[in-house]
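When the chains are written out, they are named A, B, C, D, E and F in that same order, and each has its own residue count from 1.
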Amino acid sequence: MTYNLAEKTWPMIEEYLKSKKSIIIPVGSTEQHGPNGLIGIDYMSSWEIAKKVGERTKTLVSPPLCFGMALHHMAFPGTMSLTPLTYVAVLTELFQSLAKHGFRHFTVINGHGGNIPSLNAAFSQVLNGEQDYQFKLINWWHLPEVGVYEKEHFGDANGFHATCGEVSVTMHTHQEAYKEVPTNFKFAPTVREYPWPMSPQQFRTTFSDGRMGSDPSLATAAHGEKIFNIAVDAICQKIGS
Amino acid sequence: MTYNLAEKTWPMIEEYLKSKKSIIIPVGSTEQHGPNGLIGIDYMSSWEIAKKVGERTKTLVSPPLCFGMALHHMAFPGTMSLTPLTYVAVLTELFQSLAKHGFRHFTVINGHGGNIPSLNAAFSQVLNGEQDYQFKLINWWHLPEVGVYEKEHFGDANGFHATCGEVSVTMHTHQEAYKEVPTNFKFAPTVREYPWPMSPQQFRTTFSDGRMGSDPSLATAAHGEKIFNIAVDAICQKIGS
Amino acid sequence: MTYNLAEKTWPMIEEYLKSKKSIIIPVGSTEQHGPNGLIGIDYMSSWEIAKKVGERTKTLVSPPLCFGMALHHMAFPGTMSLTPLTYVAVLTELFQSLAKHGFRHFTVINGHGGNIPSLNAAFSQVLNGEQDYQFKLINWWHLPEVGVYEKEHFGDANGFHATCGEVSVTMHTHQEAYKEVPTNFKFAPTVREYPWPMSPQQFRTTFSDGRMGSDPSLATAAHGEKIFNIAVDAICQKIGS
Amino acid sequence: MTYNLAEKTWPMIEEYLKSKKSIIIPVGSTEQHGPNGLIGIDYMSSWEIAKKVGERTKTLVSPPLCFGMALHHMAFPGTMSLTPLTYVAVLTELFQSLAKHGFRHFTVINGHGGNIPSLNAAFSQVLNGEQDYQFKLINWWHLPEVGVYEKEHFGDANGFHATCGEVSVTMHTHQEAYKEVPTNFKFAPTVREYPWPMSPQQFRTTFSDGRMGSDPSLATAAHGEKIFNIAVDAICQKIGS
Amino acid sequence: MTYNLAEKTWPMIEEYLKSKKSIIIPVGSTEQHGPNGLIGIDYMSSWEIAKKVGERTKTLVSPPLCFGMALHHMAFPGTMSLTPLTYVAVLTELFQSLAKHGFRHFTVINGHGGNIPSLNAAFSQVLNGEQDYQFKLINWWHLPEVGVYEKEHFGDANGFHATCGEVSVTMHTHQEAYKEVPTNFKFAPTVREYPWPMSPQQFRTTFSDGRMGSDPSLATAAHGEKIFNIAVDAICQKIGS
Amino acid sequence: MTYNLAEKTWPMIEEYLKSKKSIIIPVGSTEQHGPNGLIGIDYMSSWEIAKKVGERTKTLVSPPLCFGMALHHMAFPGTMSLTPLTYVAVLTELFQSLAKHGFRHFTVINGHGGNIPSLNAAFSQVLNGEQDYQFKLINWWHLPEVGVYEKEHFGDANGFHATCGEVSVTMHTHQEAYKEVPTNFKFAPTVREYPWPMSPQQFRTTFSDGRMGSDPSLATAAHGEKIFNIAVDAICQKIGS
């Protein structure tokens, strides 16, 4: 049975809230992910993981917020970004909407590092003056269990953006889409030393194909399935059922 | 072949932009839709229609913005709303992101009436000072072709919110989800005269089950399939291929 | 007797509020109105109509907000525009000021189409969380009674901006000003097909003299007097006395 | 001949700008003015003065901004106030609108002390980065010439709010309105020592009839005519013709 | 004993609030002060004066807000400015933080004229709806006692920016720093007539060395010590102990 | 010789910029630091460290921004906090001010963990669209060299807020102030497990004396001197001279 909030009616939510105050909010980004990674990786991965976690823990899952803070990727076509100030406002209002209905435990499953500052800012804004909200931020690719797998199978080639791990996960969840991705790309030389943060232009000049230190040619749907399951298991344990 | 931006790589978008400057942006809302309508109707319908239109016209489709301006539905659990000011800011920044990459023709497929003022405000903000952007707003349920069908099959019972038409469309696109919706609901008496606009409380007091003048028990997946196709055809004609 | 709030003392307002909670707020714009229409048409017409409606229905009338959302007219000198975000903020604060004193029924008499999205946004913001405010938006040129008259006397030549109707109304209310308007202007060819919305530059390129499909040389003060009275009568009926 | 921008057509403004870059912007407030002063005094006085100055100096006059920063008067019914942040945004956008058309010399005729901080803030915002705008702020009641007259005829009884001077000016410009003002009011005891600034509640507790140290029963239309002329003369001299 | 809030622990503040609700907030600016004045004059002077006043009156002193509204000085390197809108927001939140803990009497010691509009705006925002806050704004260089001394010793050469008075005060409080200031500067000709307000560029063009009418070569640490003491005495009297 | 921007004249900055584009910006917070830690620890430590680093590397140091994002500490008196949205705006404008003068390399020395999200947000905003700014964020207490010392001397008792390390550093830099801190406080029981983030109330309920897992009775000025020097050395190495 689905636990997607969007696929319920409001009386079903009213019923749910009588016994449970938890909800999962998947957030991600729409941004370049290197020469062979899909632009939607960050929201598609968190959305797919969230749906599975919802089913397993019988916890409602809100629709995904597909857009995040990706200004530094804006020199690559296809990236769609909010500024930090607007993104914080959006997050704040979405959390407050849910709080108004009685939700009290918010688990954010996040697929993009650039969202973390804004998420923390939004938590602070919503918590200010309130007593009993609980926010849990889960950056799925930071889960130790995921890290162990990636280290073992990809080593340093997992990289920091367009990683083997996230490309693999979406190769598993979006196999059809990857069939259309050209495979004759050539990687630019891998850059290991660079300043941070970067402007969009600096980013493209430094990482001309969009990857940061990864070799996503190692990514496979088989790896993806395993990482997906590892992430789901780990998050389910954190949430309980 | 999919035309979802999220399921492409950035070099594929770069290639696309060499010959075409058009993109479709599906927007909707996460809000109550009466006793038997799904909360996600507004974004699910525009997203499904947009994907099909994208395939048919070979036009890229951005990820859906699942949240809109639904403050007046906030007295029903499950609704998630942005304020108009924040929503306008989000829309403005998403359009500007796309414009920065070279997109020039923006077709917004919208599934929610409450979004229309903010969409118009965002168009004005983006157009101010710029010369050659083209925005086309398509509220799919307002398409004359859709209206003809709805009038013939539902008459006045189509209503204004949680309409037979939109419930039908999502019965077609989300059949699984509707199987879990309880069918033993009872409609509140239908209210035909009311002031507008309304506060969340007024709305719930007036329309205690969330519908506005509709009889969504008339909705069927078969109707939905037809309306879906009518809408897709009509929009494809507006866009060209 | 005047019902202009500005021409009362605060004890007179305190007295009024003991028996009545209604107020009329005239809003308009300061923007180009074609080769022979006054720049202030939109606020002057709504202000004049509002004053008369106030007298007839014994309802207070706030001062006019002379500036609105006219970004698309900014390529014509004399236009003064707020951005949508600022305009919504202004409207919100003005409505809230009145609500704080006890006003509960707000009738906005509007003279400019470009204001409608912002007005709706402001209504939503003020209504959010409140129970008993009533907002009525009257776009005077959209009144069916006005439409009947304009259709009969101007037909298609009434147009969409700098219409025969609004120019006529202000010829009636501001006869002196029209005496100074040069009459030797020449209309640019009338454009019937165009995309919408437009940037300021597109607007001026498309409608080089500022009109949209109207032939304002048909406007007369005599027509204006009739339309003015039709509008006032229709609004009085909506408000009651 | 009128010099009201609102009563011109855009080609007339285009013509004007070929030889002159100056414009007068009247700003005021809608706020209580004691037991016998009109609520609109601040914008009505600046608007009337501005119109006359425009005619005399052949300088365009924008429509009045009838609302300002009057939060401290909000405990008296009829007051309509913007917050400082919104008021600054409005002023900034109006000045920028005019600057876009080529206006370079802005004379603001102001009728309300509470507006001064926001006006200065807006000047700073518009001037930041620009080279050749000239802003002149004229608070008409602060003109030394006006002060001399008021001191001679009212002495200390002129006061600081709902002054004899401003009530007189509007008795001259709005004689009809004053005929309806009840004259049987009784002044609360005059308070001479008080802290500043004040909250709305403190203001009403301290100055229970709305005046600040004035005896507006001394105001007359005859005085008003003289003060009006003194102010107009003084401002014309500052502007030149 | 110090009365710096920053040099206390929170239990010490809790104790203080049991008997006293007053706090001093020093604000200033980081901006050019002519050829021989330190960039930090405005916050260093108000911070030093505030600390001494705090000790003498046993009143807590918040840390200094070192940045203010100095857009008009931005054409001189070293100036750091907030926009008015942001500065008002900062001030508002700092006052509200203190009010939340129970502080009720706020004495702002200000060192920069350009801050005054924003300070007044922030007072209005905080006071709106509240009953019992007391704000006292002390622009130390405007104190009549200071003016008497400056007039006697510097006359017109005190000027309006980079004044003899403020340079002197910081020569007294920051003697070490002045030892490193080159003394071989040459003043540009003194300008006595100029429009106001000014853009950054106009300011630098008009006052090419940053002074406004002052001859800061008259400044000495000895004068500074006297002015410092005069200001401290005068403020202590206003505050009481 | 000092390298404090505030203690220079603008011609000295103009000179400096001819050969160097670097500046250090110290940021911190004004917030409770447990029963025996000073409220100003976060800005005092970063300010003192920054000044020393400036001298050693001959790099200019801006005045400190004494206020940061400390909403979660607001249930303890003395804390002064900005909201994240305002704090991001302030940081953005200060960086942009410096950039306008030609500074290109910005080293932020930060003393408070709660500031990190806002700092990253501000970097993103400033970098958006620009090519050659370099931001380096140094959270001094996170420096590995500092961690080694703290681990060796305090172990787990260093804690996470009001740490032995930061209390020690300010015992070294502000010995006088610590003489007045009562030493008869009693620690509440140390809490090791807690959710995060927290509202102000949750924070105070959980950590009733303000510490998070630290035993600041271990702090000494001698330790502080060593940590201070370790931090300064490490940062100087990062910056170069």
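The working rule: a contact is a pair of C-beta atoms (placed from the backbone, for glycine too) under 8 Å apart; a residue touches a chain by one contact, two chains touch by 3 or more.
Worth saying up front: this structure is predicted, and the values here are computed from it rather than measured.
In summary, the chains found to touch both chain C and chain E are D. The two copies, chain A and chain C, are related by a rotation of 120°, based on C-alpha atoms and rounded to the nearest 5. Taking the mean Cα position of each chain as its centre, B sits at the greatest distance from chain E. Taking A-F and C-D together, the pair of chains sharing more C-beta contacts is C-D. Shared residue numbers account for over half of those found at the interface formed by chain B and chain C, and the copies are therefore classed as meeting with the same residues.
Centre-to-centre, using mean CA coordinates, chain E is 24 Å away from chain F.
Inter-chain centre distance (chain D to chain E, centres taken as mean C-alpha positions): 31 Å.
The distance from the centre of chain D to the centre of chain F, with each centre set as the mean of the Cα atoms, comes to 48 Å. Among the residues of chain D, those touching two or more other chains are numbered 74, 83, 89. Chain contact topology: the protein chains form a single closed ring, every chain touching exactly two others.
Each chain touches the next in a closed loop, which from chain E via chain F reads E, F, A, B, C, D. The touching residues of chain F, counted against chain A in their complex, run 69, 71-72, 74, 83-85, 88-89, 114, 116-118, 120-125, 127-136, 195, 197-202.
For chain E in complex with chain F, the residues that touch the partner chain are 1-2, 4-14, 17, 30, 32-40, 43-44, 62-67, 74, 76-83, 86, 89-90, 93-94, 97-98, 100-102, 174, 176-177, 180-182, 185, 210.
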